[in-house]
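You will see two complexes here that share subunit A, one where it goes with subunit B and one where it goes with subunit C.
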Partner chain A sequence: MAVYIDINRCIGCRSCEVACQRVHGGHGHINVHYVREYAAVPVLCHHCQEAGCTMVCFTGALYKEGERTAFDVEKCTGCGLCALACPFGVVWTDKIAHKCDLCQGREAGPACIATCPANALSDDFDLATRRARERTVRAAAVGGKR
Partner chain B sequence: MIRVDTRVCLGCMSCSNVCPSQNITRSEIDGKRTVHWKRCKEECDLCVELCPAKALSLVPWDETVPETELSFDLVACKICGSPYATEPMLQRIESTLPAEMQKDARGLEWIRICPVCRRNVEAEGTARQVVLARSRKIA
Partner chain C sequence: MTKVLVPTVCPYCGAGCGFYVAAERERAIGIEYMSDHPVSQGALCAKGNAALEILYHPDRLTSPLKRKGEGWARISWPEALDLVAKGLGQARKKHGPRSLAFLSSSKCSNEDNYLMQKLARLLGSPHIDNCARLCHAPSVVGLNKTLGAAGMTNPIPDIASSRCIFIIGSNLAENHPVISRWIHRAKDRGATVIVADPRATPTSWMADVFLQLEPGTDVALLNGMAQVIINEGLIDREYIGLKTKGFEALALEVKDFTPQRTAEITGIAPEDIVRAARAYATSPASAVLYSMGITQHSTGTDNVQAISNLALICGQMGRPGTGVMPLRGQNNVQGACDMGALAEFYPGYKRASDPATLKFFRAAWKAEDLPPGPGLTATEMIEAAGSGEIRAMYIMGEDPANSDPCSEHARRSLESLDFLVVQDIFMTATAQLADVVLPGAVWAEKEGSYTNTERRVQWSHKAIEPPGEARSDREIICDVARSLGLQFDYPDAASVLEEINRTVPQYGGVLRERLEGSSLVWPCPTADHPGTPILHSMGFSLAEGRASIVPVPFSPAAEAASGDHPFILTTGRLAVHHNAGSMTRRSPSLISREPDLYVEMNREDAAALDVEDGDEVRVATVRGETAAYARLTDRLKKGVVFMPIHFPGTNILTTDATDPEARIPEFKVCACNVFRRD
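Let's turn to the complex of A and B:
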């Protein structure tokens, strides 16, 4: 599981950033970027299947646990290699590494998903595609453009 | 006392972070990272154990040996030009990650780009989907 984005729905309100910071003691792991005037894009950990951060981590602080890229703070030395091995720039170090842990231990699941008022974030990989398909079908049924 | 193998040190932040006595200091000024190892009498080997390059070892106390200091010119990001990493650290990443991972789908060699620009590239790429979807709506 990871947090997936239906990018056409993001309204750029940054509620996800606040929710993430609240769960992680002020250190948020999701950032909403504004691309000129036309799009808001939440940028966060992809929980890569083959995760560069886990490959370079020499203490085993970053490791794959099922689909999740997990982090053991006890083992982290803050060396900074993981931050340089992340293609998306979403792992960083400030004495220790900081990255999305999918709100481990939070029963209701990731706080960003629960908070997003536009339902742009979900843990369902296919949701964005399914929505697009449904829109097309609905449009076809009423004979208009979607 | 800590001995530093200056040929293999990556210039990372591990030893300076884990030292419980602040005997290893790190500073970053003008695109340069400097790590300074004080003469240390502790019988502690945390830094030795937690060095990713195995560059450190403990040797008997010797007053005549000067304190070690290493400076690394930080590599400039290929997009924004800001200094962000030491060359040995980047080389370590390049030697660890499989070759097919070192370029993204558009052929961008992202390892030589700073994390800030990597996030911007990611945002730009995702934003293109929005533009595509909107242009379909207009058409």
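Let's turn to the complex of A and C:
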């Protein structure tokens, strides 16, 4: 499982950022970036299958646990190699590493998904494309006219 | 002690999202989402997520204060109440009850507002108002006149069944973010979205048709769309014939608003005007959503009426997915108006000028005499404070020294009062001017009902105690009333709601027990009435059951760009701040995201002034000037600049030109100039 983003829906409100910070003691793991005035994109850990961050982590603080890229804070030395290895810029270090833990231990699942006002975030891999297909089908049915 | 989850209503905007405050050992420790909430379905915006940050803020007022020289002295409640009774009592005795004015709060509950207006009127003053005056007064005036009821005609989730959504003068993606989910749901079902705004915003990202109009030209656009609809025969003749009156006059008024002429006034391409008009008129269910981009103009009431006209001639009313939807800005601005905290209305929109209203409330309140209205509006009170007509004021949970237009003037007026008492949670700019400051409670520290923008009445429970000696607003108002010799015996919020059930017909069936774990949409006249999510499905509560089509001529904004002031300044809100900012600027996770006042301007305009992104600039109008940093953008057309309203600097600049009927100031248009700081 990961958090999937429907870019069509993101309104750049930063609710996910504040929610993530709130449930992680002030350290947020999701960041909303803006493409000038035209779009907003929330960026967070992809929980890669072959995760570069786990490969470079010599203490095993970052490791794969099923689909999740997990983090054991006790083993982290704060060396920062993971931040260098991550191609998406979603792991970073101050004294220790910080990254999305999919709100482990939170019964209702990731807070960012629950709080997203526009339903831009979900745990459904196919949702964004399914919505696009549905829009296409409806447009076809009414002759493609808007 | 175990953790308890207390259901509350978010204290920020009018969407009325619910969430649980998790409390343990008398302390709020977290938020849990409310996934079965009818509007938010568990979602919360950034402000909602940060709501607990203000609870334990070190700036919270924790005891009554009185002015002592340049500073403040903590005093006891009995002393504070004594001072308030003397201050208000002396002004009343010396200058008469009409020398008192009261500002109630659209942040506070229905019960708080009901008590505040009752206090004002029992003391003999007709001067009671709330900050709805600064956001949706034209909706109250305009929609009452055209449709016979002021409020959203359809509920928020109903937007999902709309096939064409026309958003004009609202950046709801930032200001009511959860509404976006319902718009997207409609889009997935094939709806067309039209957005009209002088500024490209995250709301316009949702648009199929974006109409970037010049600030203050809304009537021209709406008349122009009506012209296309009439000209192309897209009107709903049957609906017009059965349910409305006044169509002929409108047809005459808009006749000359051809797409070409409308384009010249608004700056929108003629083909886009035609496209928008056709989409709105021909869809099986079209809704108009609007907000302060429509109301905060010297032509605010005209703008609202022009929206009503469009909906009426197309018959887009009274069915699912249709309607006229004013999006209200405060958690309880709808409720504060319903409760009669308005200069021209007693509770339940009973006209203050109608003898029958006074007779009804004299009996209900066992009062010998009550003042007829209309009283002074929020903006007029400030004016009257400056001229000496108003001598003492009681302000609850409002910050006019910050939020009023031309705010330096507002500040001087409040300073000239004989006595000012302010009840608030923080030492706001207005509280700084007071003689006595009373510490109130925030939403989680008291209970009561709140009415959101779709007329949904919800009960918010008390999760924790107020800090220090702060008390619930209901208790404070009752104590002030008693210290002035009035009988105000309301042991809890429920007992106030019981009285509201008897005196406000729309709330007749909104009983405390029916709000437990549920909500009701007014009108709900009786205990077994299910509520009325969609208004006007059976006609209108106006003469003959017909809505009024009121033709409106186009008149330009009060100020136009000139040689000395070549730019048009328009103002608005940001996703991470709320209104005058007394809460959000104290909320670390919000203020850290937008810490400073900025002015957004077109890149070409900036280049001509040699201003680069991030440069410090001065923005000046004839009323004053303020420092801000420049943010360069393509969001705005040349000649228009934008500033957020959440910082004290902005309203130093805005004009106090008002709408002649609704008395709302024209926050959205004024002429300004921008200079480099060096």
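Just so we're on the same page, the second predicted complex is superposed on the first by the 144 of 146 C-alpha atoms of A that agree within 3 Å, B and C clash if a C-alpha of one lies under 4 Å from a C-alpha of the other, contacts with A are read in each partner's own complex, and residues count from 1 in each chain.
Keep in mind that, in the parts below, a residue touches a chain if its C-beta (ideal position, glycine included) is under 8 Å from a C-beta of that chain, and two chains touch if they have at least 3 such contacts.
Worth saying up front: this structure is predicted, and the values here are computed from it rather than measured.
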item	value
Touching partner for A:83 - first (subunit B), second (subunit C), both, neither	first
Which superposed partner A:38 touches (first subunit B, second subunit C, both, neither)	both
Touching partner for A:138 - first (subunit B), second (subunit C), both, neither	second
First (subunit B), second (subunit C), both or neither touched by A:55	first
Partner chain(s) touched by A:70 [first = subunit B, second = subunit C, both, neither]	neither
Footprint overlap on subunit A, comparing subunit B with subunit C	8, 38-39, 146
Contacting residues of subunit A [partner subunit B, same complex]	5, 7-8, 31, 33, 35, 38-39, 41, 43, 50, 52, 55-56, 58-59, 77-81, 83-90, 92-93, 95-96, 132, 145-146
Contacting residues of subunit C [partner subunit A, same complex]	30-33, 35, 40, 42-46, 48-50, 173-174, 177-181, 184-185, 187-190, 192, 200, 202-203, 205-206, 208-209, 279, 575-576, 589-590, 593, 633-635
Subunit B to subunit A touching residues, read off their complex	10, 12-14, 17-18, 50, 52, 85, 89-90, 92-93, 96-98, 101, 104, 110-111, 114-120, 122-124, 126-127, 129-131, 133-134, 137
Subunit A residues within the subunit C interface of the complex	8-9, 11-15, 17-19, 21-23, 36-40, 108, 111, 114-119, 131, 134-135, 138-139, 141-142, 146
